[in-house]
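Below you'll find a set of structures to go through.
Note that chain A is present in both complexes that follow, paired respectively with chain B and with chain C.
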Partner chain A sequence: MAKLDSHDVYMPAFVDDNWNYVVIDDAKAAGLDFAKTIHSPKNIVFPQREVMFTFEQEKGGAPVIAQTIPDPRPFVVFGVRSCDAKGLTLTDIVFSKEYEDPYYWARRNKGVFVGLSCNEPPDRTCFCVSTGGSPHGEDGLDIQMTELADSYYVKSFTDKGKRIVELGGSLFSAAAAKDKNELEKVHAASMTHQQRPINNLAGAPAKLKDMFTAPFWDEKSKACIQCGICTFLCPTCHCFDMNDEVSSSAPLKGERVRTWDTCQFPDFTMHSSGHNPRPDNASRLRQRVCHKFQYFFENHGVHQCTGCGRCVAKCPVGIDIVAAVNGANDYAE
Partner chain B sequence: MVNLEDLKSHVARLLEKGEVSYVLGFQKGTATFMAVPAFIAEAEDAGDLVWDPTCVHNLSLYLTAERKIQATKKQTAGKPIGIVCKGCDSRSVVVLLQESYLKRENVHIIGVSCEGNGVLDEKKLKRFLKGKTPLNAEFDGADHYLIATRDGDVKVPAKEVLADRCLECKDPFPAENNVVFGERVSGGRLPPFTSLDAMEAAAVGDKWNFWKEKLDSCLRCYACRSVCPMCYCEECVVDSITFMVTPTTSPDQKANRVRWIERSNSTSENFGYHLVRAIHLAGRCIDCGECERVCPVHIPVRLLNKKMEKEAFNMFSYEPGRDVNQPSLVSSFRDEDPDGHIL
Partner chain C sequence: MLNNIYLPKMARIVRVKQETGGPRPIKSFRTEFVNGDGFDHLPGQCAMISVFGKGEAMISISSAPHLKDYKQFSIVKTGRVTTALHGMREGDIIGLRGPLGNCFPIDDWKGKNIIIIGGGCGLAPVWPILQTTHANKKDFGDLTLFYGGRTSGDILYRDEIEELRGEVNIQLSVDAEEPGWEEYVGFVPSNLLDKKPSPDNTIAITCGPPMMIKFVIKNLQQLGFADDRIYTTVENKMKCGIGKCGRCNIGKDYVCMKGPVYSWADLKALPQEY
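On to the complex of A and B.
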């Protein structure tokens, strides 16, 4: 740990019956023998609340606005699952393709993401392979660790990753040919664990496009309670709301903040006229599924779901995106 | 014993005869071992129904959802809706009846007695199984569950994995019903309000630290509100939809609209949200425990509501959801009601 004094170190820790990434100062407090974390590392780079600027105005004076770009210490996140790392690369697209978001990148660029291959799926709801991912996928990672029989196989892909390995110095030794052999075996074995299949992933965008008005969505969404769990825990959901939070009226003082928002809340699409273009459970579930498996693919050529399974595991009423996509693919009017 | 086949044939008969428009019940989920809500509209689908210790949901939530849909579409209530109710669930239907949110003739209550067993707490079960993934759960006599795992069946003592509310439940029987399956067995494995003991004994500063830590992790996903059958308000204080903008609304008016609770998930706003919700449930919450079950970050929300329930009981001897003919606490007045709080 002392070798990483220059960085904040996040590791999974078990608190309140949940695994979660926390900043630790003692490696013993955390573990790498963890199930799925409740949050993905998304909320380290895209926190639920971000202050964008502060404003202040004396009576009769001009308003003074000060941008507040975050300036965190460099940080390392240990034990990132491949699905979550891939999720980061998808959120990267959103926050850079048309407009580079300085708040997001101020945090993102400071982070080193150290992956841990899933030799076994950490949860029954995992389906990374079914979304084109891999339990040892490297997308979005700076370093990948794989647990072998009596050591970790550590690969660094980026300059940031290589620097961290250099800081470790004598903790690491060069991998021998037999280690590489073992790594390949472990990785191959990790692909054989049964996961829930998505049938015809490639055909999903076209199929979903045809089903915009299908009664299918009513059927699948009946039990939805309109909470935000699925989207708030999703490693790739990134919608936000912006509000001015006024802390004083004379002199006028406050902050403009952005906070996570979700398409699953009825007021997400509420117009100020009172009209709501997504007025029911069906249109909101359709939005979530189609965003992941149709719209994002149409816009960026890649599906937005990485198969982490959080939305499935944590839905209070068992709404299941795998069953929804498979149901859509099998659906005939 | 609740005979599932009897339950299924009752539901099939109701639908065949057209006595209900559909039936709310439980069915197997597609992804995990927990049951999920079922909306059975055809008699032949009654076979999908299940009754096991994972039938945790309080389905009366969907009665309020249906009423809202009817109001939006300007429809009148059609045939009654059938609903499978545990004891606690039936008490929440009673509260909705007391508050005139529902009419008795619009609900067909299909009671199932927990027979002293109740439903399980998924978190406790996972702790008990120490990492083994549960694949199926069944009742096994009065005091045990049979949990199937990849490594074989495990017989689990009910008291180890029962939901806290079930441990304290005095009457695990749906007294208000149109039909009931299973025997009335007395509950009360623990005295009422036991779960409050530790909290009430704590020093004020410790209470603050406890709640600050828990509520700071709140995501404001509003699952606790969304799952609560008593949170049926058209507009909620935390939502942003109540401000109507017209062409003449000025930027000042927009900027200065009243926001009681900001969207930021900061300490003050999270406390604001949770305390407003708890106060609104005083004398109404029947302790179905759904709010706490659904919380993804495991905030012990139930304790707040349980405290309100205890206050209502101590001050007014009031127990919500026990009797359809009793008025709701906040709409009734008696000369002997305590008045020490009046200035």
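On to the complex of A and C.
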């Protein structure tokens, strides 16, 4: 791989028994023969923990705060799956709208996301097509690579993407008509692989709305152990907590820290009075499913699930969002 | 550089008033911005209060927008941040982020009678309505306040309420008989049925304990108030206050953005998850 001095390069690498995106300084462990990374590249733009500002206060004085907006080097993320790239477009919505989130965008704007199409579903939990996506979807990508028989077909969609291709120089050669033909064949073939189906995706928002109080949620959520892994591995989950961490009491010194949080934790919604609007597994599973397949759709016209399958694969008790949505769609009181 | 909505503006506590005692005491804090910072708000809007080292809590602003010199917050001592606040004094500095949330559509209520129905600390979020409508009395019809506390010691803003007598129809109540209490004895929703305010050309706004709100709305409906003439405020646990941290939603609505103010017509269309 050509060296990109101007950018940090993240690539999938097999580290500590998992494929994950790491900044490559030595390419030994990195590769593109991965199935699915354990985390999506969301982590790079929305890290698990970040300091929002520091504060310092002498006794009797006014607090002095200093914001800690990140200023990363430009970076390229190599080998992004279409489901995860689409996930970025959904977190983009959350961190924009009425208020821009400066921490998120400070990283997001510096990133170039280079996709790797899935010619075959990387594993049996995939369901991108069932959520309206595609194994070679372009949403959220600056560049898309598709593996052909003896080359990669590379498309760049954005100015950032085109610039990276220019930096690659002689690595690339113009695609011929036969390459385009092969690309179309590979992409068409990728759509024919069996994926887990969601019945009636279009009807899900209305159906979920109708069955808010159904005992269905109780049945589906009984096994949940409230570990939150479904949300922590999700490429679109964005919930967070904000807390003050104090390192010194006199003078007062500390940081306001943002950390990931999850709707699957009981105290996520608990008031200081003890009242909890979502007091049980049933209401919390319902929140996760309805957020992704009803509320987000009602607000933004798009479902907040890209079918990556991580929550299905990694749930320790086998709770399955595809089965939940299908079960809801088939549910009759 | 993008404007950083997460950074609090500094404000000095200039007055602390003990409003009520007991196990969940309420204090009112008046604050003034320092460093020339600040923001304007509308009635019903909230602010995130920072106590540095403890964190943030979302609190409704209980002073009317036209009172430019200060912002007031009436706060129950209940969690980590509010307990720390209760230990603070005049001169101490806190952080404020805001204004957050929507507001009571007071401009749409011009020419109408206004009935405010509060219980306990629930008077704080609706108090700016009374201050605003009273200050612009000629623009509105009759002003009425139904307000109750568990005991007379649980009544907020007692002096300010007494000052309004004569210009505002004041209907106070306590839950149980106590010596020297000459006004209504019983719950706020019952007082409402007892006095039977007319729904004609009238907006009713209620805030208080959830159970009180539930029965106030039921009784208002019984009195003939239409669902879109009844307003309330919703509270939920919040962290960011700007629709991103994900915990205050009721169905598709983040209360910090779409609320806290709802007409009953709008609120009843959302799932019962608050």
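The working rule: the second predicted complex is superposed on the first by the 328 of 333 C-alpha atoms of A that agree within 3 Å, B and C clash if a C-alpha of one lies under 4 Å from a C-alpha of the other, contacts with A are read in each partner's own complex, and residues count from 1 in each chain.
Basically, a contact is a pair of C-beta atoms (placed from the backbone, for glycine too) under 8 Å apart; a residue touches a chain by one contact, two chains touch by 3 or more.
Keep in mind the model is a prediction, meaning the values are calculated, not measured.
On the superposed chain A, the two partners chain B and chain C do not both fit; they clash. By the touch criterion defined above, A:196 reaches chain B but does not reach chain C. Once the two complexes are overlaid on the shared chain, A:18 sits against chain B while remaining clear of chain C.
In the superposed model, A:69 lies in contact with chain C only, and not with chain B. Using the contact criterion defined above for the overlaid structures, shared-chain residue A:295 touches chain C, although it does not reach chain B. With both structures placed on the common chain, the touch criterion links A:97 to chain C but leaves chain B unconnected. In the superposition on chain A, A:55 makes contact with chain C only, not with chain B. Of the two partner chains, chain B is the only one that A:312 touches; chain C does not reach it. Judged by the touch definition given at the top, the superposed model places A:241 against both chain B and chain C. When the shared chain is aligned, no partner comes close enough to touch A:132: not chain B, not chain C.
The superposed model places chain B right into chain C at 79-87; the other stretches listed in 7-15, 79-87 or 223-231 stay free of clashes.
Put simply, chain A uses residues 241, 243-244, 246, 261, 270, 272-273 to touch chain B in one complex and chain C in the other. Those residues of chain B lying in contact with chain A across their complex are 29-32, 34-37, 39, 57, 61-62, 69, 72, 123, 126-127, 131, 133, 214, 217, 219-223, 225-227, 239-241, 243-245, 255, 259, 262-266, 290, 293-294, 296-298. Chain C meets chain A in the complex at residues 1-8, 10, 34, 52-56, 78-80, 82, 93, 95, 210, 235-237, 239-240, 242-252, 257, 271-274. Interface of chain A with chain C (complex): residues 52-53, 55, 57, 62-63, 65, 67, 69, 94-95, 97-103, 105-106, 212-213, 238-244, 246, 249, 252, 254, 256, 261, 263, 268-273, 275, 277-278, 283, 287, 290-291, 294-296, 298-299.
Residues 16-18, 35, 38, 48-49, 123-125, 196, 222-223, 225-229, 232-233, 241, 243-246, 257, 259-262, 265-267, 270, 272-274, 279-280, 312-314, 316-318, 320, 322-323 of chain A are the ones that touch chain B when the two sit in their complex.
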